[in-house]
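Shared between the two complexes below is subunit A, which has subunit B as its partner in the first and subunit C in the second.
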Partner chain A sequence: MSEGAAPAPVLTVTALRAYYQTRLFGIDRDVRAVDNVTLHVNANEIYGLAGESSCGKTTLIKTIAGAIRPPLKVQGGSVEFNFHGRRVSLYDKNAPDLADIRWRHLSYIMQGSMSVLNPLRRVRNSFVDFAFRHIHKPMAEFLDTVRAHLLRLHLQPEVLDAYPHELSGGMRQRVAIALATVCRPEFIIADEPTTALDVIVQKGVLTMIREVQREIGSSLIFVTHDMAVHANLCDRLGVMYAGRLVEEGPTAEILREPRHPYTAHLIASLPRIGDVAPKKALEGTPPSLADPPLGCRFHPRCPLAMDICKRENPQMEWVGPVHRVACFAAQPGKRQ
Partner chain B sequence: MTSYSGYMLRRFGQFVLVVFIGINLAFLITHLTPIDPIEQTISAATSFGSTSPEAIAMMRQALRELYGLEGGLWQQYAAFWKRIAVGDFGPSLSAFPTPVSDLIWRALPWTVGLLSVSTLLTWCLGNLLGGLAGYFQKSSMLRFAGVLAMGFHPIPYYITAFVLLIVFGYLWPVLPITGGYRMSMPRGFNVDFILSVAQHSILPVLSLMIVGLGGWFMGMRALVSNIVSEDYVQYAELGGVARRRILTSYIMRNALLPQVTGLAMSLGAIFNGAIITEQVFGYPGIGTLLVSAVHAGDYSLVLGLTTVSIIAVSAAVLLIDLLYPLLDPRVKVR
Partner chain C sequence: MWQVLRDLLRYNREFAVGVFLLSFVILIAALSFLAPHSPLDSYVVPPDLPPGWPYVLGTNSRGQDVFWQLTCAIRNTLLFGFAVALISRVLSLVIGLIAGYAGGWVDRALMSVNDTFIVIPLFPILVLFYFVMRDRMSWMTLALAMAFLGWSYDARLIRSVALSLRAREFTETSIFSGMSMRQILIQEHLPYVLPIVFSTTMNNINWSIGLEVTLSVLGFTDINTPTIGVMIYWANQHTALVAGIWWWIFFPVALVVVTFIGLFLLAVSMNEYIDPRSRLGRVGA
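After this line comes the complex of A and B, so read on.
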């Protein structure tokens, strides 16, 4: 967008709206979990998606992954991938069958990988189920490829013969990462892959994710509510609040100089060495996405709220070459 | 493998314990009932005229020896185990002097055949249809099958047995309604005889299946519709794993585990399930034998049948349990 000469982004999301539509006792209700989100992810980039629980992060990446099942429904906007020139638009009228794209070009590391492997199948069979059709080799050679890949990720090839319950939590997560990267996909979606792990294992897993991303040069969208993880891993960061993207920019820049009061608060909540004063919690709770407040959705909790914030919805505007923010207080021209 | 043999050993120990307790209970119950089979026999034999007291005493002594009822309770108990060890339950009272074990061996294949065929068929069909109904929740045909299964399920099986009897024996008499094979036919291992047996078993099997199907169907449907939303199924869908593979290896296989336990339990119910069906269709199995033994006060036959069914049921459950770790690798670890 701003960098004209840069290669086309791998993922472009435009004005995406995805609502949960429920009908209870004859009353229709829309939960606007993803409301007018526009973003892109460049090649060879780790894009972090931050925000507290139930802000629409997981819904956004479900929509990006094409994993829509009722009551979730895409209301508008587009999700377009560009896999080395092969364009795939997920919510077009003539959207392709995703089965041959999945895992070859687009793979997924899921939250809670304790349970993402079939408990009754040996790890070997999971690899065969997911990856065999994409790696055009006979079975023996395919398994050699898998073994080599596991070794590269510091896993013993013997894990192939194990059942998931025979592996530790950290190993299972690493097996899940190996599974998601064995086909060397251009785009990987990682949904809180480290949330259930203790910090030591977490560090190992993060290092591994970065290593494998560098090695195969894929793009990664990494979702977590843990700002510390974002600070360590991501090139660029997008912050979501109540179904909307409120700030986006290079991780270092956002951490140093957050423009949106919500981002500033998320960052202030990070513990720092030498801190003595207890952390202040943000007043109030996130709004209900079924009935969000008018104007800026953050205004009821915002220390900088002005009159306009209650009436008008701030749009994402550029405040730096690659830094956007949706806040009237941060957009000097809009001050009233 | 060592953990599997440990599991096997433990399970086998349990089996021995259950059989031991069960047989003890059977012994106790039969010995604590107020009905004395020997006095009953004597009163039956002497009701038509006067018999000298000496003759009655001799008769009592002879009968006691025959049935292993000499001495006190402990002596009887020891004699009882000695007989069980060699599979001898003494002569039958109602079919004197045929040994009880002969009667049981003659009836056992009929019951085991009838019940194992109907139970396994019901289990396979119910799980297959229920699994499909849980996976393809929008299919109207499978929904209709669900309504049907739920409707038939609460009907007692003897009612369906009678209805089948009336429909196929009276209104539209195309199937034999009684017996295990054609009366005039000599028994033998040939095509005609086997066909006749199969033909005679259609109605009893059907009466058991119609009722049993609903339980498996509804259970499996509920299990599958839960498993569909498990992480590993959703992950496989995100991974573009082939649909057929997801349905078989990810959904059905996992949903079947509790159903296998259920199968073991219902194999355990074979002996009480058969009694009424066999009565209605005049089937020459264990159930019919047991009912007539109770009516005739045939003490040793009842005890023999009870013992055999205790061993058979425990063995069936043991077999399923030993196969279970092959289906679910997690069991071994426990």
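After this line comes the complex of A and C, so read on.
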């Protein structure tokens, strides 16, 4: 966790476990969507979270944001924020009131954020509804702040008077980002904010997210299954598989030299200029999180699977100064 | 809002006719404030005169002017319909929105009450209510009773919309931004269900007026407050049709039919505004 003399990370997640628990018709089911995840996000950093669909990315994000609703339950571990020295631990006994952290310090760009805006309310009202209470300024001054912020995202202040359906998809996306960043939060969670956009708009939006993040100096967790977006945007990358973090390190290093066979496959799926060979799909599907395989959860699909992988669960181990991986094949001294 | 109304008037024939009919009825009701006699006084004019001058709609066997009697009756009937609709709308909005938003045991509890109200037979209950209340029965108690019996269908309808709103991202974002349940329901969800409520309000007014007329004709209400139903009741008591005093029954029935048609046309034409495709396409609001 520690990086020597580096400043304290903004977000520290320790051994976090969050399960979907259902008790239906006498059958207990635990879906282990987040299992023993430990990670941290530094100040002023964009942390990418990658992995295929249903690997627990969104659940992890919800748990970090404190947006837990049944049947999702946090089983253990801690989520701790450090907002300029103000420590906030989400799943403590004396957990703070989330209402005064959210939006002001911690904001969330939702999955499908194009529909974050209420279709029957003008954009101005959405800003007032969501952000006004957190800014503590008179209304006129608040609206000036909003207009200035919209300009920063290359939006005309006139969009405030529009209904969401009068805006294009890209504009709505930018409005959603403006909503999430207008309070200049220290920590932003972005859950697939560009998924529904075409690549050109996507690039513009990504650039904008980066600009805003640099300007207000916040940290960002960016979730997407799209490795190309990660390569473009993120400082560090965490790869999830079946509810567990399997590899984490600087984006460039992971892209250049993936240690985990799953990461290697994700990256191999990226198209490269000049590459004409057909892409090979990884056989099989991700395991059911209600009944995950014993040992390493990737072993049924892993080309490097060994005996130990079927019995023991590999732990995250350092393979570089800031590079961790959970794979027996990649960890020296663990081979059998 | 005004622009929407103007466009509906201009482009929607049903809406225009409905507005015209209803304005006519409301005008008649407003004239009741100019009535020369109290509607409860009898034998103030010569009885049993056919329509003519100066008694335009004739006079009845109790020595009352049918026209002025009618203005008072339609006023009370309309007020009754609006009161029932208003109270039951508030009930169904509150219950529907809360049940849809809160979900879980709140939803189950509210909806089990709701479903009970849907299945109980209304008419026998209202007749029973009359026999329990007897002399204490008044215009207002009947309105209250019917409002408490008439909210359940719409509460279900509103709940179903609220359920879908609950799962939208803007609701999630509202929760995340720290809005309270009351704020979310009033600011975010209410605008969504209001157009639906407008439409069902018309139906509800129709329903309550119809039921009130039925009960009055049978004498199961406070027969000393003139309403359309009470007028028909007294006409029947004096065997008006047998005696050939047809104007005593014809005009109240005709006026209430006009009211029904007006409200029905409004409810139907509201759909054009409620349906987002036609609304966005034509009105643009």
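Rule of thumb we're sticking to: the second predicted complex is superposed on the first by the 335 of 336 C-alpha atoms of A that agree within 3 Å, B and C clash if a C-alpha of one lies under 4 Å from a C-alpha of the other, contacts with A are read in each partner's own complex, and residues count from 1 in each chain.
As a working rule, a residue touches a chain if its C-beta (ideal position, glycine included) is under 8 Å from a C-beta of that chain, and two chains touch if they have at least 3 such contacts.
Since the structure is predicted, the reported quantities are computational estimates derived from the model, not experimental observations.
Engineer: Overlaying the two complexes on subunit A, which is it for subunit B and subunit C: clash or fit?
Structural biologist: Clash - subunit B and subunit C, as placed by superposing on subunit A, overlap.
Engineer: Examine A:M139 and indicate which partner it touches, taking first as subunit B and second as subunit C; both and neither are also allowed.
Structural biologist: neither
Engineer: Of the partners subunit B and subunit C, which touch A:I200 in the superposed model: first, second, both, neither?
Structural biologist: neither
Engineer: Using the touch definition from the top, say if A:R102 reaches subunit B (first), subunit C (second), both or neither.
Structural biologist: both
Engineer: With both complexes superposed on chain A, which partner does A:A277 reach: first (subunit B), second (subunit C), both or neither?
Structural biologist: Neither partner.
Engineer: With both complexes superposed on chain A, which partner does A:D129 reach: first (subunit B), second (subunit C), both or neither?
Structural biologist: both
Engineer: Please write out, lowest number first, the residues of subunit A touched by both subunit B and subunit C across the two complexes.
Structural biologist: 65, 67, 98-100, 102-103, 107-108, 110, 112, 115-118, 120-121, 125, 129-130, 133, 165
Engineer: Note which residues of subunit A are touching subunit C in the complex, please.
Structural biologist: Subunit A residues touching subunit C: 65, 67, 98-100, 102-103, 107-108, 110-113, 115-118, 120-121, 125-126, 129-131, 133-134, 165, 179.
Engineer: Please give the residue numbers of subunit A that touch subunit B in the complex, ascending.
Structural biologist: 65, 67, 98-103, 107-108, 110, 112, 115-121, 125, 129-130, 133, 163, 165
Engineer: Residue numbers of subunit B touching subunit A in their complex, please.
Structural biologist: 230-232, 234-242, 245, 249-250, 253-254, 257, 327-330, 333
Engineer: Show me the residue ranges of subunit C that touch subunit A in the complex, using the header's touch definition.
Structural biologist: Touching subunit A from subunit C are residues 168-170, 172-179, 183, 187-188, 191-192, 280.
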